[in-house]
Structure formats: C-alpha cells, structure tokens
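Per-chain numbering from 1; labels A, B, C and D assigned in written order.
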C-alpha cells in the first residue's frame, strides 16, 4: 500500500496488536510495529491506540512531523477512511471538575501578578500537564532557591530625580525589545493550551518582546515562525542531536527563516529526574500494578521528560563550538552556565553570550541559582576586559515573578532576563490574552519600579541600587520529603489521653 | 442656576445618567458630567449616585473641599432641597457582624500593647478600610521586613545606675515632645473613624506629642489645626502637586497657621501597587464581571491609593529644593530617604533632616528598612562633620510597635521615630481614647525600657547599648503567594489510601 | 482590743466594708482599712475577703510574716473565734479538670527530661500560677532566645579516652556541689505546690546541690533554712529594699543562719511587663468590665509581678557595693549582668562573681542571652588578668534544659549554671520527688555527656570542645503577636469558591 | 540434667517464677534465675516467658548464640519436648493494621528515592522496631542536622564536556566497589525483616558494594559471611568488649573468614539516650504503672539500645590501638571521629582511616555533622602531608539520602560515604529487593549527577564543584519538645469569643 491508499476501519482492526500495530495520526496510517520497543514512553501507551486514531494523545507531546519524518517511508501505510474515529476519550470526573474550574477562573482583570497565573494553571491544568510543567529535579531545592535568591537582594532606591518619563525598553542580541525580558523556551506547549507556543508568538509580536523557540515545542518550528509578524525577532533554543546533520539542517533552516539568536542548551546532556512527573506516570498507568519481582528497570517509567529527549547528545563539548560557528552567522549563546570558569571559556570561545541558569531547577538539583552565579561571573568577566562588554551578553533565568526581580538582575550586571514558566502558565490559563496580560503587568511593574528606584533608563542601573550582601547567605528551602518522614519527639503522655 | 438655587428632587432625577450627571455632596449640587471619565476611581462608582446624595460615600476618601475647589464655578448648580436624602445604605451582613464585634471589643484597659489595637482594627474595620490601611506594595516583603529589622537588634543593658527618675522627653525640630516619637502621616482617617485625623490631633495635644498632618487627610488641614490646642506643635506632610502654585499656597498657609516642620515626601513619584487594596476593589465591584476580552487596562482598578494621588508630581527633583527653601521658613525634612548618597545630598542641600523610610512598605517593595539604612547613613554622615549634627536630624519610621524599638533606633543614631499605623489603628478601634491609651502604653514602656537599660535620659543612649551585628543579615519574610502556589513533593503512595 | 482578744464572727461581719475592713489570716484578725489603697494588687481583691478568713488567697503570694511584720501593732486586732471559716472556694470546672489531669499525669519514671516537667506543669497548674511562672516580658523574645542560644553551640567531641569513671561534681563559691548546677531563685513557690520552696531545699539537701533562696519566696526565709540539713550550703537572692535597714537585717540574719553566698539582683530596678500574667488578671477580674471612659491607669492591673515588688529600690547603684561589703562577709555576686563593661566594673568593685542573665526573659525583652554574653565577657575578663580567676566566678542562667547545655556553658568559661524554672516545674508537678527526679536526670545526662565528649572531669572542658561560631548569628524567635495580626496576601480567587 | 535431657512441659511449668526461672530458646532449655536481675532489659520482660518458649521475643534482639555462649554450662538444662510451644502471640489490632499496610505498600517501581523506603518503613514497621531504628539521642538535633548539612552545600556544575560514558565505581580500603558508598553497620536487623542483615549481604554481593557487618547484628557473624558470595568484600564494625580476649577472638575469626576492613567504633563508650526508644518501653510495659514512690532508678527502662550494649568497654583509649594492630592485619579504621585533633592523632597512630560520624545522631546530641567536620579535618590533614593520602582514607556517614549528597562529600575530600538507615529501611520494607532497588536508585542518581556536573570519573571531583561557603552557618532544627511546651502570647480577646 502506498501513502495514498485509503485504509478502511476493518483493516485497521486487524493490525491492533503487538505483532502488527498500525495507528492513525492526523488521518495518516502508520505501521509502528518495529518501533514499539523503542518508543521512549514505552509500548504500553501506544498499544492502547493500536488500530485506532491516536491523534488526540499524540498531539500535545510530539511535534506534528515527528512520526512522518522519523518513520521510514515504507511504514507510511496510507490514509484512514473518514469513518475512522478517534478513541473516545471519556470525560473523567477530573476533567469535568477542571471545566467547571475553567469557567469559574478569575476574570483576567483580577490577575494582578504572575503568581496568579500559576495558581490558575495549577487548578485548571490536567494533572499530567501540571506535573510536567511544574516539576523540577530530585528534591526540588533548586527551583525554589531560584525564587528565594531574588528575595535576598534588596533595593536602595534614589530620590528626587525627575521620573516623569521612564523607558524600560532595551536591546537583546541586537534586537529591540520593549522589555528587558525575553520568553524563554519551555517544551510541550499544547499540554497547556490547544494553540501551544503560538500563544507566545502572537503576544510577543503584538507587544514587541522576543520569544525563544524551543526544540521540544508542541508546534512545529515553521508553524511558530509563520505565526510571527514580519520582522518579529525570534530566538531558537537548541538541543543538539546525536546526528549533527539533523542539527545543522535545523539551525540553518532557522537562520533562513530569520531567527536572530541561537541558544544552545549546555546543561542537559541528559534530562533530569523529575519526580512529580514520574509519580504522575504511576497515577496514570499503575493502578493495577503489583510490587515487581526481581530487578526493576529504573530507566522505564520516568515521565514525559526523558521520553521525549533521548535524541540529545551527551558528548557535546567545547570542541563543538567552532563547528556551530561554521554553520551559522546567528549570535550564539550558551544556555545553562554556572561556573565562572565556564563563563571565561565561553568568552574565549567567541560566543556572543551565556545564560546563567539551572534550567528552572529541572536538571541538577542543588545547583546554585543563576542570580547568585551572576555576581561571581560578572566579577570574573571584569578581570578579562572592559565591562559591560558589548560583544558578550550575560542573561539570567529562573525564579522571576516580578519586574523588580528583573531590575535586581540588571543592577547586578545581567543584560536581560528570561521568563519561562511565567508565560507558560499565562497561556495555559488564558491563552494569548493571558500572555498579553502578563506582559502588561510586567510593563506596569517596570514603570513603577523604575520610578521608585529613581531611574528613567535601564542604563542607569548598577550595583549601588541594591544590597546583595546577603545573596550568598542562602538557606535551602524545606526538605519536604525528609520532613514528611521524620517523626518529631513527643513529650511524656498523660494516662488519660482524652483530657 | 446659581450656587444659591434650591434644587428639587425631581430636577435631580433628570440628571442621573452618563449624559448628564448631577450629584449632591454636603447638600450642594454639582454637575460632574464632564468629570466622569477623569475620576481616578472610575465613573461607575460615581454613576451609582447620579441624581442623588453621595455624601456618605464621598466623605471618607476626599478632603471636604476637594469637589468645591476643583470643579469650575459654573458646575456648582445649587443647593439640594432638604427632602433630598442620601442613597439608603443597607446594613449588610458584614456591617452587622462588625457592629457586634465593636460592641464586644476588648475593654481599653485590656489593651496591653500596640499589636492589640491592630488586632481590634483588623476585626472591626470595614474590609475596604482595613485593605487600604494594612496593604503594602507587591509581595509585602518590605512592610514585614520593617518589623523584622527591629528583631535583629538586641540590647546590652547596663546595671547599678540610679534610675529612680527617668526622662523620656525630647526635642524634635526644636519642638518639645513628651516622647521621642511623632505621629507620622497616614491618609484617609475617616475610613477608620468618623472623626478621622482629629482623634490624633486631640490626643497629641493632650499628651504633648507632635502630629504630622497628611496631605491626604480625610479632614481638611484647617479642621485639624482648629482642633489643636494653642501652641500645640504640628508638622505637615507634603505631596508636591504638579501645579507648584497649589503647593506654594498650601505650604504658606500651613506656615501661617503655625505648623513648625515641613516633611516633603520624596519616595512617591507614583503611589505603589498595593494588591490587597486592589483585590478589595474586585470584591466591591467585580461580582458580575466576566473575563475581559481584549486588552485589559492595567491602569484601572488599582484601589484607593492611586485613585486619590494622581496630582502628585513625578518630576520632583533636587533642583526643586531651593524653591521650597524660598517659600517657607519652616524646617524642611525629606521623607523617604534610603541611600547614603541621598543622605549626603540632603545635607548638602541644606535641609534640616531626613526620614529614613520605605513608606511603611507601601512604595518600592523589597526596599531595605529604615532601621537598617540608619546604620549606613549615620556612618556616612559622620564622614561629613561632627555627629550628632544639631542642624540635621535623622528620623526613622516603619515597623515600630514598642518603645523598645524606638530605643534601639535612638541608640543607633535616630533623633526620633515616626509611628503611623500604630496610632491609626488606635483611633480606628477606640477613637481618641485609643490614641491616648497608645501614648500611655508607650510612656509606660519607655519608663520600663530606660530603667532596665540603666539610663535616665535619652541622651545617654548610644551604640554600646545594642548589638546590631545581625542587622544586615536579613532574611526575607515568607513569600506567601509563591508558597501558596508551590506544590510540595509527595512520598510514594500506599495503594489503599484510607489506611 | 489586744492581740489576744477573741473576735467573734458577728463582730468581724461589722468590719466588712471599705470604711472598716478587717480580715483574718492564719487565724489572726487584722484591720487593714488604711492599707486598702496601698495594696499593690489593688483594693478590690482584698475587699472580697472583708470580715472573713483570707488565708487561702493570701498564702501562696505573700511570705507568711508579711502582714504581721508590716502592719503596725495597733492594727493587730486579735484572734478569730474558731468558728470563723475561710471563704468557701468553690471547686470550679477548671479545678476539677486539673485534678483529673493531676491524677492522670505521667508516672515519674516516664519523665525523661526537663521539658516533660514543664509540659506536666502547663497542663496541671492553675492558670494563674502558670501565667506567673511561664510569662516573660513584652513579646517574650528573650525567654525563647535564651533557649535558642544553646542550640547555636555545637559539640566537637574527643575520642579514645578512658571514660570509665566520670566526675561531674564541682565547687561553687567554695561550696561543694554534686553538679555544676545550682537552683536559681524563683518567686512564689506555693502557687505551684503547697510546700513551695521547701521542695527544693529538701531535694537539694538530699542530692548535694545548692539552692538560692529567693527574696520573694512563698515560704519564709527561716522555714526554708529550717528545712535544710545541717551544713547544707544555701545562697540568698536579694532584692534590695528602699529601706536599707530592712535589707541589712535580712542579709545579716541570713549570714548568721549559715547562708554562704549573696546574689544581689541588679537587673530589676522595676519588674518587667509580663503580658501573659497581665492578661490573666483580666480573666480573673475583668469579666464584667466595660471599656473604660477617660484615661485608664496603666499602672494598675499589671499582674502579680508588680504587685509584690513595689519595695525594690530603683536607685541601687555601684556606689552601694561597698556598703554591702561592709555588712556581710558572704561572697557577693551580682545577678543580671549583660555588658562586658559591667563585668569589668564588677571585677574592679571586688565582688566575687557575676551571673550573666536576663532574668529568664522576664525583665528587658530583647536583651541578649547570658550564654551569648558569656563569650564576650570572658574575652573581656581575660584582658584583666589570668583566667580562670579563682576569686571571680562567672555564672550563667536562662534557657537550660539539658546537662549538655551546662557543658556548653562550662566549655565557654562559666563556673556553674543556674536552673530556675526547670526545678520550679519539677516540684509544681511532682513535689519534692519531682525535683529529685530532675536532679537524677541531669546526673544521668552529665555522665552520658562527659563520656561522649571524652572527658572525666569538668576541668578538662574548654572552648575546643565546642563550635560556637554561630552563637552570635542569632535570629529572633517568631514575633507571635505580629504574626497573628498580619494578614497574608491572597491569590486571585475563583468565582465559585466551593470548587 | 545434661544438655541432652528432654524436658517435658510439666517440668518447665514448675520453673516459671522469679525463684526458679527456666526458658526455652531455639528448643533448648536454660535456667536463667540468677541472671534475671542482670538482664539489661529488666527481669519483667523475661518473667513473661518463664517456663515457656521465648524464641520469638528473643530472636530479633539477641545474636543467636548469645544465651548459649554466655550462660555457664551448668545452666544449660536440656532440650524442650517437641510439645512445648511458644507463647501464643496474639495478633494485635496494630499488627493487623500493619499487615494491611504491607499488602498495600507502594509497588517497588514506584519507589523513586531513599526517602520513600523510610516512609514505607515508618508505616509498616512494628512500633518498637521503628522506635529503635529511627530514634536518636536527646532532642534529636544531630540526626536532623546531619541531613540539613548536605542542603548547605550547593553545586557549581561544569558544561560542555563529553559525558557519554560515566564511571561511578571506586576502591574502598583496596576493595572494588561499584559505588562510592558502603553499607554502614546498623544493629538488630531482624526487628525489621526476618532475614535481618542477610538482605544486605545478598544485595551487596549481587551489586558489587561492600557491607560493614555490625557487632550487634541479629544474624550471627558467620551466618552473614556464609550468605556472601565468594570473594565478596566485607568490613567488620567492632564494639570493643571489656574482655579483650572476646574481642581478639572475634576480630581474628573475622579476618580468617576474609573480612577486609576493621571499623572500630570510638564514639560509643556508652550508648546514647534515645528517648523515642525509651518512650516505647513505657507504651509496651507501663500501662498499669503508677507514679513511683521514692527514688526512681534512671538506669532502668532505657530502651533496647542500652539493654544490648552493656558489654562495651568505656576505657577504650589511644593506648589500645597498637594492640589492635598486633592482633590483625586488616586495615583499621576509627569510626566516629569529630575533632581535627583526633584526626591527626589517628594519622599518627598509623590506622588506615577514619569515619567522620556522629553515629547517625544516636550518641552525643548536638555533635556537628560529619560533613561539616570533613571540611575542617581535610584542612588539618593537608598540613600533615600530601593530599589525598593513599594510605589514609576519610569516610563520612550520616544523613545521606541522594547520590548528590555523596558527590558533595567526595568533592570536599571524602573517599567514600557510608549509608546505614537508608539500606535498613529498604530491607525493612521490601527485603533484599528493597536493598537492590536502593542501589539501583543510587546508581541512576550517580549517572545523572555526574553527567550534569560534567564529570566522567569520580577522580575529577574537587572543591571547585561545590559552594560550601554556607556549610558552617548552620541553624539547629526545630526544638520540638520546647516548641510543644512554650505557650505563645495571645492578643487581647473579644468579649464574645464566638464572633
């Protein structure tokens, strides 16, 4: 059968087993029998859709062209007959409750800050999506410390300066931005909203800020670029493929389509253990499971993150940087730097910038926050030439909730700040309008913050506006698993415990 | 019609729409049709009273002469007929409960400290008043840190000194005060008590302390001065108007009426985002609101604070100081200084003092507390001449609850300390008697504290009486919005969750 | 009538008013009409017993001879007829519950540590007694910091030393003590147990430790000394009377009766505001009170502490020390030193020691803990001669719950440590046996602690056994009144709050 | 009667009193009348089994040969007739609930981390076992600080290194180990699982890690060695007996059986007071107890720990080290070092290593954590020669829950890390499979952690990978007993408390 054959329902039904497994995605029929055991999410989840239409389950967690580009042509069986319908997804109690919650969510003009979006998202997102978005690695120390670090920097505002006109626009890698903030890459946007990352593209275009397109977007790269306005600046986040040709094609395609900055993720040779996400797996599939006999396979059952990331190349090294330089003229930024030594290496390697980040707490737990590293790294970079260096930008991401956080980072030397989850939760709860509202809130906060700091331009910011003396004096957030397990001592007990 | 015309009810009823809107305030009829869209609180709230008597709603949040002085004479329509009655304000369940609470509030002699007033006020104030008084900006970090800062200074008392007679009186800007404390300016006193700021004036006069009259008082400036005793010292807090002539008139009038100190607020080119206050707005008006389509207007709906402060001039700058010096002979104090650089600039500008303050946490959140800044600023001032400087006073406000707090600030170099909310809550819960009780409590605490410190006069205080070594080692108060949103990790779950 | 007259019930009944008020205490009839307004606890409480037997109420809070020694002889009316009976004290619900609790209290061998005594006392003491014993001043910061300070000192134990035999006895002011601990003075022991301070005397005698007799004991000084064993060492705590002759008589009487150390309290020119105790006052008397009109009298209604302490002389000064030296040969120790300057002054004044104490947190709140002051004071004393100084002892009290606490203080330079509430709660809950159990627990903890530290004698202790580097890095305990009043921010609310 | 006599039930029944007490253990009959008062656990518990079979109670807390080796031969009465049955142990409600919990415990593949094992063990272990395993000394400060210390060390990961192949194996005292982790000794394994320590032996053998055999194992030494695979490396933990011949025999036997490292416990001249364990004692036996009259005997009733440890020699000293060197060629390691002085002494004494440990918080409470001591001790050792020293290893134990903890310790200079409770809880909840799962989890965490740190071999680790600047800035964990007793201040109360 060729790709054009019409496949009737009965025929499909004959290929609904581990021995021969066909599935329908976007009306096309694929034979994935040989692929079953390689599916990063396990074969079980696919076999549920054997001989049926799997589009609804496939869509939020795979780029649209993944199956068609990766399966060899001979496995493209044909087109499903129109009568083939998706596996009926019954509306569960949870879904019903979520729909009521969505209908009851606060009106957008009652959203006062970025925390509010997160609270709405937590209440209204499907559990699996919330688990994937909100989870971080191991004990989730780093994700919380990212936020806490900002609370250890305090303001020393100036007074009696004319702040009638205040300008919070800036330039990021040569591109104008209406805010000193860019939208950082986060994966799988369709888990949160049917339009996925397009919500970000459209809002960013309308309000003049820059979106970084994720490699692991739910929407395809081209869909996203197509949704952008003419000349709307876009960056690209890159997970480097074990097959460098794939990466080369991807990067050069992006450059041709006008992307103006390449952010290579360097803190993820392997994706982190995110236990919230992993636990969700069990809620989903494990109801009937028993205590396994024999050696269990740790590699299985590790949530969405690992399932979608097996292509990432753990051998990526400094030696690869010249090659990247050779395949693109875009500014190159290394995303996920923590050590001052690596910051210097990056400068010497000739890239255009670094992002101080611990990947939103999703990679190495207990890694210091970008904000804390910023102080040490700026100090290190100052030993290597004039500062700020117009050819080398330092960005920070992780834990930002307020424009005041951004102003702190800028005062300490950052060029701009990335916000990921903040915008993700905004569109998850309110779509494009949510993202626009988030931008407006930030804008309002920037105006307020700059006026109250006594500055009219971001260039005036410097370390004298903050007291960061307590920044290194961090305490870890509560160790929740340990606390839940430790049994506190009791006092001597009265005989009659009802008294 | 002239200002003297008698306007009958029926005629009023014909001007009860957006097209033609008359309202009655203090028996006078005004045409505010053209003003509807400029009302900082929005037009909706006014339209409720179109063609009716709005006095009850108008009074607590506007100075009595605001409407008459600001509306052009041709909009002064006349006098309402006596039969025109106020919009009936139904007694809500909340009001009933509050009246029961008021009747049940603790007897005044059970009020042991300033916290108690705040607790009574929280329980008995209308929600809107509590929200306006208690709110602070953004995450309310600064307001809580103001309090916490005092807890990082510890006493090293001295012994075996004759403390039979202890004197806690002092001089503030040349005026005698029975306590080293002045009543700091807080706005809209009638939200808390029908007599508003007069409660403070009368109690201050009786007990020999100094009140700072707020620009945004509910009572008019002259009402307040009229309530004072002859020669009772008063200070004036000033928000500088975009129209300097208005300011000049106001300041010179104050000086003529005997005010003896001018405190120019310099930390509020724009009033802060106070989300508790903003949320209250939605409770009040938003019950039927829907998720707004399209771009919402962030500038709307921002609570009382912004509504009443649009006249404040964000261009106020150091260059204006000589002009102030030229229009008044009163001592000039800059209220809201944080940076040692600005403290030096103030000294050089020839003003008579500064107030180290973050505006009770209501302006720039995350700004350091006045107490913490005090240490650095006194150190800076010492580099510029003998200290203490009889011509330059350093005041502190924010977070004070006990005389012991004041003694700490004095030991670290403050001339006197301002208390705002403490007195505000005192009269909100018990009127003038509450304020007197608060003064008595402080007096009692000063006597105790000084005896136990081993001093008989405030002049003996100095840094050797305190251990402030931990003052800079601050930790932010709990980030409540973040904590409410973060979902803690769970341990592995038992199959049968009822066990 | 003479002191021997028999007063019949009817006659008493005629003197039951403010105009003529007789009361019976310990069978004797006194005319206290003139004294009514001078009673530190107010006249109201006395008038309840006018014309009746007041012994039960009088006893726990007055030394037995207070009324007889202080009333002039002509007011000693006579002896009450045997038929005169005490005011019937109805057993309240609270008392019934307490008796059930007492019957149900944990058996003594389940008491594992000093915390346990406190927990039993809290549950079983009359509210008034608990309030008086447990209360501390103002926000009760100092009392909790006293405990917390010990938790900032950590052990660095040594190994491989023969610890078969371990000796934790020591010498305190030349007297042998089986533990490096003395029983510090606490007032009004009969509030907790009918035998009051005698419980301590007997247990101390049996186990070879030293009791410090309080000036404000419920038992008379002589009762206590009579309860001691021959040669049992005792110390005396002294509140200095405004009338120095009273003090002289008291001190010299003590010396004659064999007391071997005089601890002059120097941190209490006035007794602290203890709000728990003050609140209890209102529970007791205030049920029918109304919000007072006019100026309330702060000085009234301040709990037991101030009521019993009005005789203390606030003029006590360094100049008085030579006089004390002249009236007694006992070693003199100043109790309540905090400042290194005062420690040096004490050394120079020729006294034999100092107690680093903030009076169990009951005097100046926010005063640093004795343990923290110890480090600075030992450092200061070392600049004035060889250390340890055999003629000058440094004691510490406050916050001790474990022998390990004592070992920390000794390692940092203390000669011995005072425990007050620990023993007070022990006899309040279990009488003399409780105190003995407390001593045994400490003894067991000393054996364990010394063995595990690798020492056999207390003399081996020194600063190298502890890490006190974090001792000064204190954080204040929770500000409970502030926390109870502050209203946390809320997130945006869903429309349907039941979801 | 000889050891071979068959003892009928009736005869046994005649020896069922304090006067003559026979018991049956493992079918053998012993006369323990003379031993009753010496039984460390008290005589009462034995008398329950007088004349009966006590095996079930005896087994989990005594090594199998304890009674036979310690009772003189003439007390070995004979063999019980087969009809003699064990005291029926009724299944209590608690046991029933526990069995349901065991059946409902999470499937092993839902165990994601070592915390999970602890949570399952807490829910499913008998109360007595949980109390014994989980308890620590005094206020349980040290046990919690052990965990907290790891949270004060943060990572500074490196990037862009090829981490395709990562190797986390190492050598411990010359033995290969697949992880830089050994199983530390914990006592009484059969309290948790019928196979006791054999679970560890088998899992360790299968996965190539090293078990340290405890002196106080429930299984006999030989049982454990017999369960090992050929050449499986094993270490021995040693409590030194007062009778050195016993120790010599034990050590030399171990060496002959192939043990390759001797860990002499030096922090336990006496076993610590573990109040959780002691309280359990009362729950078990104390139901009918009354408040004891007279002096209670603190030495009684101190839980399992002291009961089983009375043989330990408190005189063990540095002078004994040469003797140990003389009786064995095994590497000798001192377990329980805290002070840098002792670390130097150990080096000079010629032993092969030290374990920085506070005995899992079970000995001296408030002792600093091994991790914190590591930094100071490595610094001290560096002053005595090249570092790392191939002939002197520094191990750490206490508080480890994640491979990331181990990586921190290694970065700071540790050779390997001991985990005790982690593996104990693993087999308590899931037997040998639990231990294997724990090893797999660690292995997975090591792979992840090393990749994300940017290293491929443990040798690359060094202090530049961590920020330990806050390690010494510790705060004590909550003082639970104090907090449970302290009564917070209240605000003034409203009259009608229902409002």
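FYI, a contact is a pair of C-beta atoms (placed from the backbone, for glycine too) under 8 Å apart; a residue touches a chain by one contact, two chains touch by 3 or more.
Everything quoted here is computed from the prediction, not taken from an experiment.
When you average the Cα atoms of each chain and compare centres, the chain farthest from chain A turns out to be C. Looking at which positions face the partner, chain C and chain D present mostly different ones, since fewer than half of the interface numbers are shared.
We define each chain's centre as the mean of its Cα atoms; on that basis chain A and chain C are separated by 61 Å.
One simple way to say how far apart two chains are is to compare their mean CA positions; for chain A and chain B this gives 43 Å. Along chain A, residues 105-106, 110, 112, 115-116, 119, 139, 275, 279, 473, 475, 481, 484-485, 491-493 each make contact with two or more other chains. On the chain C side of its complex with chain D, the touching residues are 105, 107-110, 112-113, 115-116, 118-119, 122, 130, 134, 139-140, 144, 147-148, 151-164, 275-276, 279, 401-402, 404, 408, 430, 433, 436-437, 440-441, 443-445, 447-449, 451-453, 464, 467, 469-470, 473, 475, 478, 480-481, 484-485.
Interface of chain C with chain A (complex): residues 97, 100-101, 103-106, 110-112, 115-116, 119-120, 123, 491-496, 499.
Contacts from chain C toward chain B in the complex involve residues 138-139, 141, 266-270, 272-273, 275, 278-279, 282, 286, 289-301, 314-318, 320-321, 334, 336-339, 341-342, 345, 363-368, 373, 472-476, 479, 481-482, 484-493.
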